[in-house]
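Got a structure here, written out as structure tokens. Questions coming.
Letters are used for the chains, namely A, B and C, taken in the order the chains are written, and counting of residues starts over at 1 for each.
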Amino acid sequence: MHTRQSLTLSSLAKSIDAQLVGDPELQIHGVATLKHATPGTLSFLSHKKYRRYLANTKATAVILTEQDATACPTAAIIHKNPYLAYAHTMRLLYPLKKVQPGIHPSAVIDPTVQLDPTAWVGPLAIIEGSVHIEAGVFIGPGCIIKTGCRIGSYSRLIAKVILCDDTIIGSRVVIQPGTVIGSDGFGYAQDDNQWQRIPQVGRVCIGNDVEIGANTTIDRGSLEDTWIADGVILDNLIQIGHNVQIGEHTAIAACTGISGSTKIGKKCLIGGDVGIAGHLEISDGVCLAAGSKVTRNLHGPEHYGGVLPVDRDPLWRRNIARLRHLNELAHRVQQLEHQVKTMIWNGQMDEIYKEATPDI
Amino acid sequence: MHTRQSLTLSSLAKSIDAQLVGDPELQIHGVATLKHATPGTLSFLSHKKYRRYLANTKATAVILTEQDATACPTAAIIHKNPYLAYAHTMRLLYPLKKVQPGIHPSAVIDPTVQLDPTAWVGPLAIIEGSVHIEAGVFIGPGCIIKTGCRIGSYSRLIAKVILCDDTIIGSRVVIQPGTVIGSDGFGYAQDDNQWQRIPQVGRVCIGNDVEIGANTTIDRGSLEDTWIADGVILDNLIQIGHNVQIGEHTAIAACTGISGSTKIGKKCLIGGDVGIAGHLEISDGVCLAAGSKVTRNLHGPEHYGGVLPVDRDPLWRRNIARLRHLNELAHRVQQLEHQVKTMIWNGQMDEIYKEATPDI
Amino acid sequence: MHTRQSLTLSSLAKSIDAQLVGDPELQIHGVATLKHATPGTLSFLSHKKYRRYLANTKATAVILTEQDATACPTAAIIHKNPYLAYAHTMRLLYPLKKVQPGIHPSAVIDPTVQLDPTAWVGPLAIIEGSVHIEAGVFIGPGCIIKTGCRIGSYSRLIAKVILCDDTIIGSRVVIQPGTVIGSDGFGYAQDDNQWQRIPQVGRVCIGNDVEIGANTTIDRGSLEDTWIADGVILDNLIQIGHNVQIGEHTAIAACTGISGSTKIGKKCLIGGDVGIAGHLEISDGVCLAAGSKVTRNLHGPEHYGGVLPVDRDPLWRRNIARLRHLNELAHRVQQLEHQVKTMIWNGQMDEIYKEATPDI
């Protein structure tokens, strides 16, 4: 998916708006961690945990902050945000392969498809009727684009991505393999103990610059559309229920599930393995720690957590056994408080109460 | 997948067994929420939360209860269960497209396949030997039906569904894209610290009127079969282990995993992100809240829960730190109880005990 | 995937190194549970829970321990580990089908592919350029092998497995349908509230004898490789983040997610629905109960747990409401301790303290 470029340190520093300390003509052919770098590669120091590898790195140059630069044994590329500078460097050194226009002869394409001549349709891809595909789009091998979809310019469906009927994809969207967009939502009414399927007639609409991981599922709306706004990033194995709305630039890590009709704001950070119940509102800027389970509206910007970290087994079992009687324990504490208060008030002990109140 | 019909209010009311208050000749072309309805659409009021949108709705008619009908500014379709009536209306207005019989020329079909002439096999679908496909079945694009499978009449595999060897599918089953049925179960024996794979020679048998979401996995039995009974509905990204049995009309929401050899009863309601350990029995009618983790048999009909809801981060961290010492806290309470009881019994305070017992 | 053999009891006992008590010429055609066995099948007793079915089994022979053999009403195959003996028996009775060499005419194979003549490439499989496939490999229907991959001898990709660019697969690896290996990791840097994608240029390297379930996802490394060592077994719907390393013979059950850059040791047992945060180290031999959420390094060999088991709903709600005030409860206990201590020390009650201390 990527090609590899070479750069001189001077052109790199200029491109990423960094200050260079060292020979401007040195060539960089790749990027590596401080520990595993070899001559000709660039490395970066973005977390103090890795500072111990700086002195002995074999990299040709290191991206780091001004503070760390004094200890840098190699050419230094000074930037106030080395991780971001690393990201920009990676994009310069490993640019996306240009899309070669064309249609693989094994692809199955309906004659009514409007396909920009600069797009690529890979082997054994299927494009059904009334689909509209814009400039520079990459439809990877084995993708299925069902009736009525639209895919915006320069979007890339890596391989075996499935877009169900009428799905709308913006520009510069990247979708990893195995992901299903526009599957029917889980909408049923109970009728005398049988489940009556409710036709799901909304769509999925995905904005620009969205990135979606592998084997993720996004259900179509029941009546209105499921919406993923511009700049959202979704990891692997995520479930997005019908009618969900996700605001601009929100990030969601793997294995998270969002139930139907929930609205998530802009710039939220949602960890992995999070579960969010249906019909909730999570406002802009909420940060949810991995493993959190959400059953009420949350207001941001604010950090929320809720996972129980593991413990050694017998320890955990004892605590958990107590948790099942926590309500009872609280009642016992309440009773003790009453008894002690009564004793204190009971005459002989007038002086105790004041002393007995510790600082909390 | 659906077409769209028009209906007069009179024919609609008659079809769904509802009472009409309003002009019987008005035409309905679609369904929308109260808030977003436009003239020509029907809406419904099934939750008091949305009652505030009733007065200003632009819908042509609204399905609602007799109580709500007095406040209805439009034609009213009165039904004691508006959500069910909405489901029936959706099925009338958006019927499934009829299956067009035939075989796409790009499909790869073994000559031993018994394929009813009224079935459809889509582009690039693969059907291996000794498969039996009944009337009106829809095999969507890219599906793979491996050796020895049977698919009952009018079932629909939307796209890229994979049925492994010998899978049995009933009638009127709907399976969303990316789902894998009949993969090998996770069966291994440990031999001197190496894992010895155990051939999984059971099948998956799926009853009639079952609905299965996208990217779900259902493992074949190890010796006997994995069973999904009639009328079960399964959402996306669900894992069903080998030998699992699921009873009639049970519903399971997304991201739930059921470990091997567990039996789940009829008419259970299992929320999303639930985990159920192996070799358990969950009896008929059990309701499991989203996020529940089950490690013992459960008896129904009964509601069970167990998720810890999130909290603001510092609050949660303090509580969680305490939880890790809950056993110790319980011991401290026990000691206090002993001390206070001793004080009370110690002579000077005969009168305290009675007073000191609060109502719990 | 399997064929079926017949065996005499004598040859079976010899092959699995067990002691036979009974007619050595009896023929076995299959394996079944004690409860459902029919004449001609073999059964096994590996868990005391099933001992009650022994007396009335219709099996022709039963694999069991020496202790249980006395109660065996049929021919007995005595082995100290009946479950392992059952596994070996299954492998004898149901051997894997031999791979038929060849290429299905519908497969799309780049001319630069190096394909061993003993390998099989199934219908509608796609193999891109510079791929190397060794002897006896089975590429099932609909698989996609992207540029630069290598697949070691006798590995089997059942169906619709996707290997992204440069993925390395060892020998005798089995991968179930729908699994995606080598998708881009979730690597982004934040730039003025926009997410900047970081090209993921590491690979996925999978050792020998690894088994991987259905619809699982394994992300490629960001700079270095994601590593799955020899003999690892992974279940369905597992997420493995970029740069993760998993040591030899570790087993991971379904629905588990492992975040980026975490290292997991050898011979770990990781239950289903486990979540492990990023950049952690889990040492050799750690056992993690299903549902555990790990946020710190863990040292083994040791058992860890952490899931909260479900409870009946009103009970659970009361306990959980208390949990949200556990920190406050702990403070109240601390205050009581202070008050009681003050009372005890307050002169009138010199004798109490000793008596008041219960055995903990």
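In this text, a residue touches a chain if its C-beta (ideal position, glycine included) is under 8 Å from a C-beta of that chain, and two chains touch if they have at least 3 such contacts.
Treat the numbers as computed from the prediction; the structure is a model and nothing was measured.
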Copy pair chain A, chain B: interface residue numbering same or different (half cut) = different
Inquiry  = What's the rotation angle, in degrees and to the nearest 5, for a C-alpha fit of chain A onto chain C?
reply    = 120
Task = Could you tell me the distance, in whole angstrom, between the mean C-alpha positions of chain A and chain B?
result = 25
Ask   = Tell me, which residues of chain C touch at least two other chains?
value = 124, 142, 160, 178, 215, 237, 255, 307-309, 311, 323, 325-326, 329, 333, 336, 340, 343, 348
Ask   = In their complex, what parts of chain A are in touch with chain C?
value = 1-2, 30-33, 36, 81, 83-84, 86-88, 90-91, 93-94, 96, 104, 106, 123-124, 141-142, 158-160, 174, 176-178, 209, 211, 213-215, 231, 233, 235-237, 249, 251, 253-255, 267, 272-273, 290-291, 307-313, 316-317, 320, 323-327, 329-330, 333, 336-337, 340, 343-344, 348-349, 351-353, 355-358, 360
Ask   = Taking the complex as given, what residues does chain B use to touch chain C?
value = 108, 124, 126, 128, 142, 144, 146, 160, 162, 164-165, 178, 180, 183-184, 186, 188-191, 193-199, 201, 215-217, 219, 223-224, 237, 239, 241, 255, 257, 259, 275, 277, 288-289, 292-296, 298, 302-309, 311, 315, 318-319, 321-323, 325-326, 329, 331-336, 338-340, 342-343, 346, 348
